[in-house]
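Both of the next two complexes hold subunit A, though its partner changes from subunit B to subunit C.
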Partner chain A sequence: MQPNDQYYTLLGTALSSGQGPDLFLLNGGAQARARMDALTDVTASADGLVGLAEFESPEGAVMALPITIQGFVVYYNKARYEEAGLDPDAPPQTWEELVSVCEAITAAGEVPCFSLGNKEGFAAEFFLSAIAASTLTDEQHSAFAAGDLAWSSPEISEILSLWVETNDMGWYPRGANSTAKFMDEYEQFMRGDAANTIGLLSDVAHWKQFEDFLGAEGLGVYRHPAPDMVSDHPMMPVAGGIGYGVNAASAKADLALELAQTLAAAGPIQTFVNDAGVVPANTMVDTSGLSSPAAGTILGWLDGSSAQMAHANVTAEELAEWHRQSQLLLNGETTVADAAARMDEVQAAAHGG
Partner chain B sequence: MARTSHRERRLLRILSIPMFLLALTCVYPIFFSVNNALKTNRNYILDRFGVVSDFTFDNFVQAWTRSNLDSYFWNSVIVTVGAVALLLLVSSLAGFALAVLRFPMRKLVFIVILASLMIPVQVVLVPFYQTIIGLGLLNTRIGLILSYTAFFLPFSVYLMTAFYAGLPRELVEAARIDGARLLQVWWTIMLPLGKPALITLGILNTLYCWNDVLISLLVLQDERTLMVGIAALRGEYTTNVPLLSAGIVLAAAPIVILYVVFQRRIVNGIAVGAVKG
Partner chain C sequence: MAADPARTTARPGAAPRRRRVRPGAREERRFAALFLLPAVLLVVVFRIWPLAWGFWLSLTDAEGLAEPNFIGLENYVEMAGDPNFLASMKNTGILLLTLPVWIMLPMILATLIHLGVPGGKLYRSVYFFPAVLSSVIVGSIFNVVLRYDGALNAGLEFFGIPALDWLGNGSTALLSLITVQLWATFGMSLLIFLAGLATVSQEMIEAARLDGAKLWALWAFIILPSLRPIIEFVAVVTTIGVLTNMFGLIYVLTAGGPGTATTLPEFLIWLEQGQMNRPGYAAALSMVLFVLMAGIAWIQIRIMSRNSGI
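Presenting the complex of A and B:
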């Protein structure tokens, strides 16, 4: 057992001194990209798995076998909708409907429309990806990831403007910049002290955890709408969650790969899905037994309604600066134009400009 | 006289307010931990600061058994007792030599020991880790005992040297004239006289060793000490606070019990050590 906050430090030290484990778990995206050199190509074992992009090398080789899919949706408390005079079975599908919902909830005066924890900037990450999923095309996502679509472009600066406008409209509780997303924001939602929250699909802060508090029938889910959506419905941002990688320096790489295949296989993941509440990366896992209405709805969106996760595509430098700028924007200490200009500088530097 | 007494009482009453608040800052974390350790996670989330009404001991059972705190506890006991015993022995001998004996470069040795106090543990972590691997001490309790001894020895030697230097040299000279050998002088004179400083040192080093996470994390990777086990109860994104609180209460209990049992000796030891040190 390793303390989580030391995990990547210890793993990095061990790998660089040739003492690393034969097989190790790692998050997709930046954490996987940072360890590509220490991983073995496992492309041949990735059949039947989705969410591979987060574990791919620049050459397109799969370097770890994902076991879960991660993504963002909006969870809502049906009881709070009813109290505000809203139909709990008709969640918002357009930006205008979402604005009306939040107006009604705010007018009811009981709870804020959204719980929000941006102490570490995570809420801004989630917001960026949730909106961008519906407003950017695949090409624009790729251009944003490559640094060719600037933060000051109309498409991205619109998201920054919405971050400020939603705050100005009173959607969020006071003190969001000093509230931890994990788990203060979500505990607020679970207590019924907020009507909506942008939550995850797997691991924590997801349908299973929320249903434990609000009940399966009391929890609803919808994809975050946005203005000027590229499709006729909102999209759900998804990416690979966590996966197993084989140490390139392992003397028992074959055995380690065999274990990774076993752990990513449908049988073990089935147990994980049922007990922990995750969305599996293995398409062979039988999810028909899930009784959760929210989980059923989410699974239905995986085909055809999912989009890239914008925040996971950008560089670590941009992400860190977005954390900072998002807090300044919430506090009113900077303008959208200034924040976008600063983000452009960081983006250009990160891409060697 | 009566007027002075009245003023004193009023002053005491005024002083008691900040003292009460200060005491509250010490007592509240203990109350918070015990109170939350008795709640279920669900009850904690629904009412984080409320007093527990429907209490459960499941968190203690789960922390002790499922989270392996039972085996971590014994690891902590063994390495703490071993390291503190070794530290007291070596620092007492070194302090005796540096304070009483006259040998070449004695001051230089003392300065080098003092200088090592200025080096943060984090700075030497990589060479330290490589040394531990090279000596075959990785994942051994004796490795951790020796590591604690190495890291906490400079301060211990400094304290014992300062204490012994304050004792009259005539005691040593008289014993030597009576024919006592050096080790006899240390055993029969310096060790009993050094008891207050040794008690202080014992307390401080017990706390250092018991509460350490970083050194233990590096040396004892397969098995864990209690504090590392408790640190592992914190999740990356979510923490079962009642379970963590139960772990904290279990970890703090031995130290609190030790303090209650040896309260008088500890207070005396700290007072004497403070004056002499």
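Presenting the complex of A and C:
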């Protein structure tokens, strides 16, 4: 057994020494992009799959077959909304409505508006992607990923400002910088000790897990609104969750590809969807049997309401620095301008500047 | 030049000639080399070679899957301008400044136990107990104690003292971490001091007591001078320990934050190697940590040698 956070180190060592596995699992986005050279083109096997962008090479070839879709939505506790005098079936759709909701929940004084765990900086990652999905255009997302849209640009520094402002408005519990997102933040939400949380679509900290505690009827879901949205409704950040790629150096590439196709096929994924509660990348999977209202709502947003996941597009160096700067911003130990300037330096260095 | 009387006696009238090799000596040397070989091989294969390989890696741009290229001292130059590295050095400096506490606390407690305070045996066990716990367990315990809604803040608020985010605040996180590590490890130093105290002459202590010496005089003029080699040993071991054994606590309690408030060199090395996938830069950081530890240990051993008259 190896620690999960050492997976890519071990994989990298195996691949660089020519002893990598024939088939290996990858997260979409930065982790997949960093290993494109070690992968075989599997475009011909990608029919019927969505979430491919996160596994595409710069030339547009699909380099791994995704099995799940990952993304962020806001889950809320309907009972807490009712206690604060809010309509539990009318979650906020605009930034102004979200501010009002949080004011009402804060005024009720029972629980914070959002649970937040930023010990590792993950809450700041989720926040960045949740807001950017609604405030950035596709072109701006691509420019941010390429390092052409700076962190100090009005578009991105606005997100940093919102991170500070929401904290100043008292949306979060004290001690967020010493609370682990996985799972202290979510346990707080599942206990009913917070009204909202930014959660995942698949695997963990998602609708299936929350429903086990709050009940299917007690859990609501909405897309995170933002000020100055590019669309008339909030967008949901999504990315190819996890996928399987075939090692370019494999002596049994055909067999490995066959296994990848089997793993991504509708039959096996159907079981995964029903038992683990993932959102499938395979559009042939029958999701009509899912009884969860939250899951049904999320599936309805996949077409037309999904946007790129900003944090998954930036470099590992920028992410690590955003973890640090987000903590300093929460503590008031730096300013938005200083944090953005430091992020610009890291971004420039990571893109060879 | 006078003739060697022994040789003259043994070989009267013999002229100087080639030294004779004792029969079997060569074979003995061969055997000796054979016996030494496993130990030498172990040192070379598991110590010298990895160290040399690490140094070579630190001179390359090894990153991800790419083939490493020799880049000279570029990683070291980058380090000089890396705010995360500079922060980790500053944190190391703060950590080293607390070293006197790491030595004084177990020494004073060990002295009290040695001088027979009531319940000494119980204290000895209680103080040593955390030393058998892994840093992950210690971290998990103190996570519950030090978190914002944890036991410590609950106690403080009971007395009307405002709660603090001990692990999430830049001004308290490192000191909290140091305190936890001190709590977890000082029992080992205490045992070493107790062993050292067992060698202090009881007759001298009794004689001083008969002469009317008070506790502080006993401690300052008899016990402390006798313990000097032990103090120096504990200083070296503790220094190396705090520089290389805090990873588990950092990982569990603060993850190096907030910002870089609790990032120590070993955590930064892990971050660059495991998360950033930059083995070249991580190797350069490791070399700096190695030199830092070797330098501090060398200074301390020099002081030990001087004081013991070696």
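FYI, the second predicted complex is superposed on the first by the 348 of 353 C-alpha atoms of A that agree within 3 Å, B and C clash if a C-alpha of one lies under 4 Å from a C-alpha of the other, contacts with A are read in each partner's own complex, and residues count from 1 in each chain.
Going forward, contacts are C-beta pairs under 8 Å (C-beta built on N, C-alpha and C of every residue); 3 or more make two chains touch, one makes a residue touch a chain.
Values in this document were obtained by computation on a predicted structure and should not be read as measured data.
Go through the superposed model and pick first if A:G12 touches only subunit B, second if only subunit C, both, or neither.
Second partner only, subunit C.
Once the shared chain is lined up, is A:S178 touching subunit B (first), subunit C (second), both, or neither of them?
second
Going by the contact rule stated at the top, is it subunit B or subunit C that touches a larger number of residues on subunit A?
Touching more of subunit A: C.
Pick one for A:G121: touches subunit B only (first), subunit C only (second), both, or neither.
A:G121: touches subunit C, not subunit B.
So in the superposed three-chain picture, is A:Q327 touching just subunit B, just subunit C, both, or none of them (first/second/both/neither)?
second
Is A:K252 in contact with subunit B, with subunit C, with both, or with neither (first, second, both, neither)?
A:K252 contacts neither subunit B nor subunit C.
Which positions of subunit A sit in both the subunit B and the subunit C interface?
The answer is residues 5-6 of subunit A.
Can you name the residues of subunit A that touch subunit B in the complex?
Going through subunit A, the ones touching subunit B are 1-7, 10, 13, 17, 19, 182-183, 187, 190-191, 203-205, 212-213.
Note which residues of subunit B are touching subunit A in the complex, please.
Touching subunit A: residues 42, 45-46, 48, 68, 126, 129-130, 133, 213, 217, 224, 228-229, 231-232, 234-239 of subunit B.
Taking the touch rule as given, give the residues of subunit A at its contact with subunit C in the complex, in rising order.
5-6, 8-9, 12, 15-16, 34-35, 37-38, 119-121, 173-179, 316-317, 320, 323-325, 327-328, 330-331, 333-334, 342
Taking the complex as given, what residues does subunit C use to touch subunit A?
64-65, 83-84, 146-149, 163, 165-170, 254-255, 257-260, 271, 273-277
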